[in-house]
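In what follows, structures are represented as structure tokens.
Here come two complexes built around subunit A, the first alongside subunit B, the second alongside subunit C.
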Partner chain A sequence: MIEAVLFWIGAFLFILGGVFDLLAAIGMIRFPNFYVRLHAATIGAIYGAVLPLIGISLMALGIPELPGRYAVAGASFITAIILLVVAPVGSHVLAYAAHKSKSVPWSPVVDALEKDEEK
Partner chain B sequence: MKRVIILISILAVTLLSSLVISFVAEITVPRSLRDLSKYYIANTIIDTASPESVAAIVWDYRGLDTVYETLVLYLAIVGGLAIFTIKGGFPRGEPMGLTELSRNATKIIVLLIATVSAAIAFHGHLTPGGGFPGGSALAVATMLIIPVYSVNILLEKGITSTKLVAIRGFALTGLGLVALLPVVKGLEIVTNQKFYPGFLNGVVISGSISLYNLLEFLAVASGFTAVALYLSIPEELYKGEVRD
Partner chain C sequence: MIKYIVVGLLVFIVYITFAGSLSTYTVMTGLLVSTVLSIMSAKYLVVDEKKLFDLKRLLYAVYYFVKYMTIIEIKAHMDVVKRIINMDIDPGIVKVPVNVKSRYARLLVMGSITNTPGTVVVDEKNNYFYVNWIKVTTFEPVEARRIISEEFEYYAYKIFE
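This part shows the complex of A and B:
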């Protein structure tokens, strides 16, 4: 019983990750400038990669006949955690570098960063 | 419109080729083993006391080849360092680095990389991996520190190029000694099982294979880190040196 529940929760997360990947891809094409596109790319990295990996680990736990299922589950869970730490930092550093080097046009409606830096 | 047509055609080609490959092309898997593979599978654990036949081939059956390969890489890095050497030692400056957020995340990642690289190197005689991949992975950690924290932090902590080259020299001397020591007892160079013990207190150490892995780990990590340090010197310094 618990195995079936784990498997279906995992499968749901897996498919949800695919949906988020599709949304991120549409956002990459449709969004107007660098910073908002970066937001879409990060959605692809977090919801489109971390969620399916957690889903895979739950699915692996839900299949008792899979050889080495604890190894598969552990490896994908750890990869998900590492991605969760790394991916936001990557986009943060990209945005920081783009802003500091003024290599992309910057026309904000509200500039909270400037207010912070004035202090 | 043109973009959409290009995108659709790329998608169509990808889907079609994957369908063609999966239905038409026969992916053949070999059904029998060659005699050499059979020999390695049957005898690796007896000959070398290592369950990992790749490590056994690299450091035991073909050990001499790998020792010379290490020598070639040593000379390549020495050559690189000789080109990049500057008068008056390494330039020092104020560390600047990136934002607080990226620094904190880098701390976690560097710790993880160091752990994984040590695991790759010290389990090299049991699982896939070994000294070279482990050392390269550890060098990645220092290459991550250089852009995020600045090279000056590394220099302040005492990771200077002189020390790294010294560690590298020590590790390679050790590697040469491990390879040469069996000659003292009248055995061939790079002998493993006839000279080094395969087990230590019941733990598999695979004779010289784990020693080679440890020393290669140190040598590769320090060599690549030294190269990364030298590559982070700004170009203006070299230009100034040429003008003088």
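This part shows the complex of A and C:
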């Protein structure tokens, strides 16, 4: 019984992750420039990758006949946690580099960082 | 000494969870890897040993993880998904004051802000985060902090300071 529940919760998270990945991809196409697209990329990284990985881990626990299911579940879960820790560092470094090199033309409502750097 | 044991134990748990088995070979390799890693890294990773024994901090961390992954992230995701559909965006970089002092707490606040769709930390200077915000609703640093990072700082303070 509990295995079936784990499997279906995992499957739900997995499919939800796919939906968010699709939305993130649409956002990547529709958004006008790099800085705004970063937000769509975040959707792909958190609910598009961390959530389905947790889903896979629950699904693996829910299939008793799967060989090495604890390895699949454990590896997925640890990968999800590590992704949660390192994903923001990547986003931050990309944004930082783009802003420092001034390589992205955009028209922000306010750019407090540029104002402070000019001082 | 205690910090070496705690870091080693954490590495060992991560190793065993990742390997997903309790065979003699895995346990022996895990012990070896965790011992070497804890000797190499514990003195850099743990600053204050006393905080390791504070169970309240651990409970706050678990509660924050669950709350962050469910309530906070769902709100932020749905907000940005709505903006993908109706294209209601006013991007900009605002200044957000950050009050927590320790490096871990700042990393947690920075990670939480960046992991929420709609906000990305671009730079950090003089106790201010410069946050790239998809829909700038205020130019005031204090007001922006209230909207963006006040909740994250509350938990970062409880967990790490």
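Criterion: the second predicted complex is superposed on the first by the 108 of 119 C-alpha atoms of A that agree within 3 Å, B and C clash if a C-alpha of one lies under 4 Å from a C-alpha of the other, contacts with A are read in each partner's own complex, and residues count from 1 in each chain.
Operating definition for what follows: a contact is a pair of C-beta atoms (placed from the backbone, for glycine too) under 8 Å apart; a residue touches a chain by one contact, two chains touch by 3 or more.
What you see is a predicted model, and the numbers here were worked out from it, not measured in a lab.
Peer 1: Could you say whether A:27 touches subunit B, subunit C, both of them, or neither, answering first, second, both or neither?
Peer 2: Touch partner of A:27: subunit C, not subunit B.
Peer 1: Quick one: classify A:85 as touching subunit B (first), subunit C (second), both or neither.
Peer 2: both
Peer 1: So in the superposed three-chain picture, is A:114 touching just subunit B, just subunit C, both, or none of them (first/second/both/neither)?
Peer 2: Only subunit C is touched by A:114; subunit B is not.
Peer 1: Of the two partner chains, subunit B (first) and subunit C (second), which one does A:93 touch, if any: first, second, both, or neither?
Peer 2: So A:93 only meets subunit B here.
Peer 1: Touch test for A:6: subunit B only (first), subunit C only (second), both, or neither?
Peer 2: neither
Peer 1: Who touches more of subunit A, subunit B or subunit C?
Peer 2: Looking at subunit A, the partner in contact with more of its residues is C.
Peer 1: Touching A:56 in the superposition: subunit B (first), subunit C (second), both, neither?
Peer 2: In the superposition, A:56 contacts neither subunit B nor subunit C.
Peer 1: Overlap of the subunit B and subunit C footprints on subunit A, residue-wise?
Peer 2: 85, 89, 92, 96
Peer 1: Which residues of subunit A touch subunit B once you look at their complex with the stated criterion?
Peer 2: 82, 85-86, 89, 92-93, 96
Peer 1: Per the contact definition, I'd like the list of subunit C residues that touch subunit A in the complex.
Peer 2: My answer: residues 14, 16-21, 69, 73, 77, 80-81, 84, 87, 89-95, 110-123, 125, 130, 132, 134, 136, 139.
Peer 1: Name, in rising order, each residue of subunit A that touches subunit C in their complex.
Peer 2: For this pair, the touching residues of subunit A are 20, 23, 26-27, 30-33, 35-36, 38-40, 42-43, 45-47, 50, 68-75, 77-78, 84-85, 87-89, 91-92, 95-96, 99, 106, 108-114, 116.
Peer 1: Quick check: in the complex, which residue numbers of subunit B touch subunit A?
Peer 2: Where subunit B meets subunit A, its residues are 98-99, 101-102, 105-106, 108-109, 112.
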